[in-house]
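Note that the chains take the letters A, B and C in the order they are written out, and that residue 1 is the start of every chain.
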Amino acid sequence: MAGTLTGRLMESLLKLNNCTIRFGGLTAVSCFSMAIAKGELVGLIGPNGAGKTTVFNMVTGVYRPTEGEVLLAGERLNGLKPYAITGKGIARTFQNIRLFGSLTVFDNVRAAFNLHLKHGPIHALTRGKAFLNEEGAIEKRTLELLKIFNLERFRKAMCKSLPYGDQRRLEIVRALATEPKLLLLDEPAAGMTPTEKSNLMKLIEFVRETFDISVLLVEHDMRVVMGICHRIYVLDYGVQIAEGPPSEIRSDPRVIEAYLGEA
Amino acid sequence: MSRSLLNLVFALVLCASISFFGENFIASNFAYYYDILISIGVNIILATSLNLVNGYTGQFSLGHAGFMAVGAYASASWSNHLDPIIFGIVNGSGNPVATNAAMFVSMLFAGAMAAIAGFAVGVPSLRLKGDYLAIVTLGFGEIIRVAILNLDFLGASRGLSVPGTYTNLFWTYGSVVLCIYVVLSLVHSTYGRGFLTVRDDEVAAEAMGINTTKYKVAAFVVAAFFAGVAGALYAHFKAFLTPEGFNFFRSVDVVVIVILGGMGSTIGVVFAAVLLTILPEALRGLAHTEFVPAAYQVLLENRLILYSLLLIILMLTRPQGLFGDGTAFKKWLGRSRAD
Amino acid sequence: MDKLIEVLQQLVNGVSLGSIYALIALGYTMVYGVLRFINFAHGDIYMLGAYSGFLLAPLFAHTFKFGEFDTFTPENTLFILSGAGLIMVLSMMICATIGVLIERIAYRPLRERPRLNVLITAIGVSLFLQNMTQYRLGADPKAFPQLIPVYVIEGLGNLTILTSQLAIIVATIILLIILRFVVMKTKIGLAMRALSFNPTACSIMGVNNDVVISFTFALGSALAAAAGILVSMDSPSINPLMGNLPGIKAFVAAVLGGIGNISGAALGGLIIGILETFVVAIGFPQWRDGIAFAVLIVILLFKPTGILGRVEREKV
């Protein structure tokens, strides 16, 4: 067991080592460690206020861990700005959808290609051949992505006019356009109908396989988490109380207690 | 050469030929309208460039007149000190090639100095949002004005005279065309979509790998550059500068144009610049006709009362401005929204 | 010894100037506390306060013999102060009403809109007040009637203190004590504090937020009006644009003290006032209007929450 664990940590894509974050006197997350292997789909669950989103914000650079370190493929991410962390290969979606409200569906995705852009402002003015070719390539790639997720017919629509479920999917497409190695999904099933949730589960699995990426999922809906995650971390009051495959988590007394309170 | 670049060259050539063939005719026969034409051009440059900051990037600068002042004084000083040397070399100030070259160089210098000022303002302002940013940019504008008031080599409160009125229709509208081209080409590229993402949601933009800081500085620098160019045109048109010409109310003028035109709509802002340059003149004319009772004359002559009401009513009823983000206007022109 | 007197002198000048900024800054900070928005037109309320006094004084000039006394004497002091006090209270009431009306007409309909829209409206309101005053009463400076006799108080040695400066400082202290009482000890004050803490929770607890916001505008505008009257006693030349610079400096004071924090605004006002006086005293009078902006830029860069402010995070 110890051997396989070490083996897994060796090849882990994302690693959190004893991360603690405090806001003033409040310790939101305490000594949290986590490892996600390449291609793995990991869930992060816990009751309200357990610190799940804080972990997200720590990984994506919105907050800076007070102690501990965040590593992506062995490279330290502490203190990097959010955009730089995205540049290293971590993309995310938001709990409360944060699309670019004044842009079309097409432009929402296109804007995310900014990250790997070869041309700059000067090229946008001179409009040379290389610039036009790259813009053409981005347009093509954007449409391809939209097509994969069946959003192509909305490409000229304003993103806010999309149905709720489609907006969530568009956020995922936008995140994928940054060509991440790790995708963080923050409560993607929130507000979805049971049918939409089933579709979402298929979608996440599909994304992970098609784009060959790891996924970290924060989710309240147990059916979704238990249904697709390979491994699950459980947080309560900022402290990890359990870790393991869904079958173990399901029957772990500490987890049940955290969710149901002391019975 | 791409099509948009060809259009730019064509537009510049058009400006040059109008200037070449029509300049003297308009200036001598319709002097009053000629003045208004130049003012319209200067206002279009100021407003379309400010629109990059306030409209497309969603920041709120209230200090555009400060950058204009930097440009105006920079170009005036340049012409005061260096034009005589240039003219000495190329034989006299009567030579149109020499004067136009001098104008071009002084405009570039004005733009560059203003751009540096824009960078200096942009970098510290990045941490600020909305109303704070507005006040700080207002503060920078005022500091620039106070500084000029205290710098003797810029004439301090006495004012500074500018040698040679080199501003003409070509330089004015050539700059208008260039400014519009730069703003539109920037915004309508994958790179430029970054400005809009900063406006819409900074957190999400950062999460998509967009360096929002860089975009804000870029917007400030480009906008300041063109404000500086507008300042140079103004300096070589009025031939005399005072710090009061660049006070807070001048900044407000530009902001009102941008808001009326619709923040983030270049075409709307151009239209609003034309409208708001002509309107005070037209109202002033109207004020002295028999239709207007004497008591209301002052009301019509004071553009700021008009502007203040315009701002309040627009915000209450149509905060997106006359044209919103310009989609309605583009539809009206019968074009699709694809960039 | 002379140096000490000089410093003391500038300190008194600074405190009396700073008191004015403090009174205006309180309006900015209280409105920011309940609405999270900078009331750009606040400096113009200060101007309107001065103009209210200018228009009111002639009505009472006969009764209170404005301008007829040369000095304070034990017999006339109470009489003079009640006359000046009446003008001040009436002006405060007028401006409180104007402040409430502005909020009701121009700001309230925009409460759910982006803050930028409200800011633009506030700029519009500011321009409107200035230019309407200019239009109705003329752009030229007006001489403010003499409400109290202004002269150098005797018996202080080399220290030159004017009665008007003393009036500013004493009146400010009284107003600050009253304000503190209102905010800390009354029900509406409690509601104000609750509202600035959490508007939603506040309205759930049965507080009528609209009433509290109106009251905040009334309170802030009244203080600004008092500042307008006090400043005009000291330098009796008023004009429609007089609110611009003090307005912005008071805003800087509010930010310096920590915007939203009432004690901070008073403290910030004093600091800015003293700083400005000393910049003039050490030989840079032409930079007196630049110093406030320099301070603003420095605070926003190094401690945007101000001296006494608290941190607010954007929820992601």
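Note that contacts are C-beta pairs under 8 Å (C-beta built on N, C-alpha and C of every residue); 3 or more make two chains touch, one makes a residue touch a chain.
Remember, it's a predicted structure, so these values are computed and weren't measured experimentally.
Using CA-based centroids throughout, the chain positioned farthest away from chain A is C.
Comparing chain C-alpha centroids with the centroid of the full set of protein C-alpha atoms picks out B as the closest. A straight line joining the Cα centres of chain A and chain B is 43 Å long.
A separation of 35 Å divides the Cα centre of chain B from that of chain C.
Inter-chain centre distance (chain A to chain C, centres taken as mean C-alpha positions): 50 Å. Across the assembly, chain C contributes residues 316 that each touch 2 or more other chains. Annotation for chain B: residues 203 touch two or more other chains. Residue numbers of chain A whose C-beta contacts span two or more other chains: 62, 94. Against chain B, in their complex, chain C makes its touches with residues 37-38, 106, 109-110, 113-121, 123-128, 130-132, 134-135, 244, 248, 251, 255, 286-287, 289-290, 292-294, 296-297, 300-301, 304, 314, 316.
In the complex of the two chains, the chain B residues touching chain A come out as 2, 4-5, 181-182, 185-186, 189-194, 196-197, 199-201, 203-212, 218, 264, 325, 337-338. Residues of chain A touching chain B in their complex: 60, 62, 81-84, 86-87, 91-92, 94, 98-104, 107, 110-115, 117, 119-121, 123-128, 131-132, 134-135, 138, 156, 174-175, 177-178.
Of all residues in chain B, those touching chain C in their complex are 60, 62, 124, 127-128, 130-132, 134-136, 138-140, 142-143, 146-147, 149-150, 203, 248, 252, 255, 259, 298-299, 302, 304-305, 307-312, 315-316, 319.
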